[in-house]
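So, here's a batch of structures to check.
You will see chain A twice below: alongside chain B first, and alongside chain C after that.
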Partner chain A sequence: MEVTTQPDTKVIIKEFLQKRIGQDISFTDEEDIFKLGLVNSLFALELVVFLETTFKISIENEDLNLENFSTVNNLGAFILKKKDR
Partner chain B sequence: MIGIQSIKTYTPGAPVAVLDLAEKETLNESELAYFTTCGVNTIYDSGEITSYDLAKGASEKLLQETGTEANSIDLIIYLQSRMPEHFISSEATRLQHDLKAHQALSFAISNLGCADSSMALKLAKDFLTANRKANHVLICYGNKVFSNYRFRNPVTIMGDGGVAALISKTADHQLTDIQIQTNGHYWDLFKLEYRDKSADQYKEICSDIRKYGFELAIESKNRFKEINDAILNRNALSKQDISHFLLQNISSRAYEYYQSAFDIQISPICAMNLAQYGHLGAGDVFLNYQTGMESGIFQKGEKILMMNNSPVAAWSTMLIEV
Partner chain C sequence: MNLELTADQKAFREECRHFAQTALQPYANDYDKQGAIPRELIGQLAAQGYLGVTIPAEYGGRGMDQVSYGILNEAIGRACSSTRSLITVHSSLTAETILRWGTKEQKDKWLPLLAQGTKLAAFGLSEPGAGSDTSNIQTAYQKQADGFLLNGVKKWITFAQIADLYVIVARGANGITAFLVERNTPGLRIQPLDGILGTRASLLAEIHLTDCLIPAENVLGREGWGLQQIVNTALDNGRYSVACGSLGIARACLEDSIQYTRNRNLFGSLLKDHQLTKQKITNMVTEVKAASLLCLNAGYLRDKKDPDSIIQTTLAKYYASRIANTIASDAVQLHGAMGCHDSLSIQRYFRDAKVMEIIEGSTEIQQILIADHSVASLSSIL
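Then we have the complex of A and B:
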């Protein structure tokens, strides 16, 4: 499924994160997901593979600014920017 | 053809269970969780034996067991300890003197962390290729922690040990191709502030755990994909042609990460050595290759892809034909 609108993008991202973080933990779109205890390389890999396959993008080394990945809002904006390129 | 003639390891002292290390009591909950599950069961504590002595011990063992005359060594590449015994003096030329390798040229490699060993193998290969009369390059390294802290959070637990490798003009264990990349963006991600501290207080600090766990982890995946693909392509090979994938010994999580990222199986040799010796810095890839050579796991003609990286940051891949 290819998603091009930011609201849909954010919903999909949030669903993925919610599953990984746990359904019983609530977090906002502005909240730093890395402060929820997800800082490890396996989660990083899982997130990147999810973003690349779901949104048909390629995450390059120059994209690896943690800010791009820290919140649902930032992830949504990042995906839109990548798809616009 | 240039290849690895022999590798020897020198780990004096008795193994120590990591759960018995006093520093365990200083760790917080998340550090302790990683410490106890990173895949290291024991390390060797060499006591008063220095990094230089470990490198020398491994070199002497190698020369003795292979019947190699010290005078036949053309080049000594000494991998500088991250904590050298002295400032200013030269451990590389000291080793040349102590081994009586009077015909050799000696120098040291440093600053690429674990990937020092890959640079040494590349230089050894290039040196032997360029010098028709040269036959033997000795590479050696001693990994020694002389502080009270062996745990590099959130990476690994360091052990003590020396390794030495003899690179020669041989058809065995051919160094077919080596590629190395570096990126200075991470130059001080890990560091040890040593001024105004006694050696037993030295502790490596990760300046940004998020940068390590996210940015460097993903860049490492991207870098390894690029250099692995480049090496396989230019040698007309595919992933399926590789019989064994080796990595340095960092953690169970690191093996899991690269297995998942590249859909490969990292040789169980690595996890076995990690459990027994802990992380030996630039010595890991030599130790792992030695285990494969001497155990009979590696069979003649098989191709090995050996990945070796460092958070400084450097990435390297070596293609070896048994």
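Then we have the complex of A and C:
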């Protein structure tokens, strides 16, 4: 799937997060899903695999900054930045 | 999912089964009694390429897929869980994790050596006071001008007695971090452990680290991301290997039980013709088939790099390790006194099966993960 715009990217990301966290749990695009305690110990690994597979990017050690992954907005920005490189 | 193996996968399965039946099975009980697998066997595994099955050919591995890797683990696990444990810690926990997160220099240095079996690797996570609770590890690192100083004790480390390279997970100012630590590091001491219930030939040891100075370039992954990045990746890899190894134990118990009941007379008829035997065999077959499908499903999703592969691998490990225990218990029961004696392999399978429920995330840890995923999103499980 080719993703070129941030809104599309954020929709896809939100869909994945909602599936992992639970459809009945609401959170905004600005809220930190880690600080809210919404994810378990497998989540970080699942998120990395999801981002790499869905957006055809490679996540490297230097990308592992919690801020990149903490909110829907930050994840969207991170994907755009990776695809621009 | 296509349940049919490819021609290459079928050929590899025959190769692995032949190796296990001829080079491993006849000697596995002796290894268990001796508390060690021999160097000659490790050389044979290396020569077959079984220590680097999933490592790309450019690093000297066989460059095979995850389904094939599962086939290897089932075949080796069917014959000798201690030998399968070597493949788990060497390939799944360490080599595959270096492949995923290592720097170019780390990959270039270690992957050819590991894939060829020139060097062996082990994974140092557990400690005397930290098993399932990995966040409680006490082994400490301190940043120095010329690297990192490590102090602490690792316990229950599979194949640590003979490994050349250890991944050591430690706690420091920036959080939990993983390090590549070579055996010849000054201050590193190996204390062999014996008296273990199962996988007795897996050369367990404690690793004592006293002021071990580790070069900065030996940090594996990002500093402070040891648990989320390195341990989670390693355990996910390891769970797949243990799931398929557990399936191997279950299959061994089933096959040996069928063979035994075909020949054992009881109350004037063969054991296989008793109704209670038929019940046991039916349950065993169904459970082996179900575990086989879960392992194949996990392998298929891992090859697709599907994010659901992680929870599906957990599910496969949970189920396969549990049914290995119930099937091994039934196999002992069917064999009667013979099942309790070390002249047969059944007692070894029974002891080895229990270990499968503890390593790479205990049954209880898997239950927490699977239940949480199921409540959040049943569709990612079913």
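Keep this in mind: the second predicted complex is superposed on the first by the 80 of 85 C-alpha atoms of A that agree within 3 Å, B and C clash if a C-alpha of one lies under 4 Å from a C-alpha of the other, contacts with A are read in each partner's own complex, and residues count from 1 in each chain.
Keep this in mind: a residue touches a chain if its C-beta (ideal position, glycine included) is under 8 Å from a C-beta of that chain, and two chains touch if they have at least 3 such contacts.
These figures come from a predicted structure and were not determined experimentally.
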Which of chain B and chain C A:23 touches, first, second, both or neither: second
Chain B versus chain C as contact partner of A:52, first or second or both or neither: second
On chain A, positions contacted by chain B and by chain C: 40-42, 44-45, 61, 64
Residue numbers on chain A that touch chain B, as the complex places them: 34, 39-45, 48, 59-61, 64-66, 69
Contacting residues of chain B [partner chain A, same complex]: 154, 183, 209-211, 213-215, 217-219, 221-223, 253-254, 256-257, 260-261
Interface residues, chain A side, partner chain C - complex: 16, 19-23, 40-42, 44-47, 49-50, 52-53, 61-62, 64
Chain A contact footprint on chain C (complex, rising order): 101, 103, 221-222, 225, 227-229, 232-233, 236, 304-307, 309-311, 314, 368-369, 372-373, 375-377, 379-380
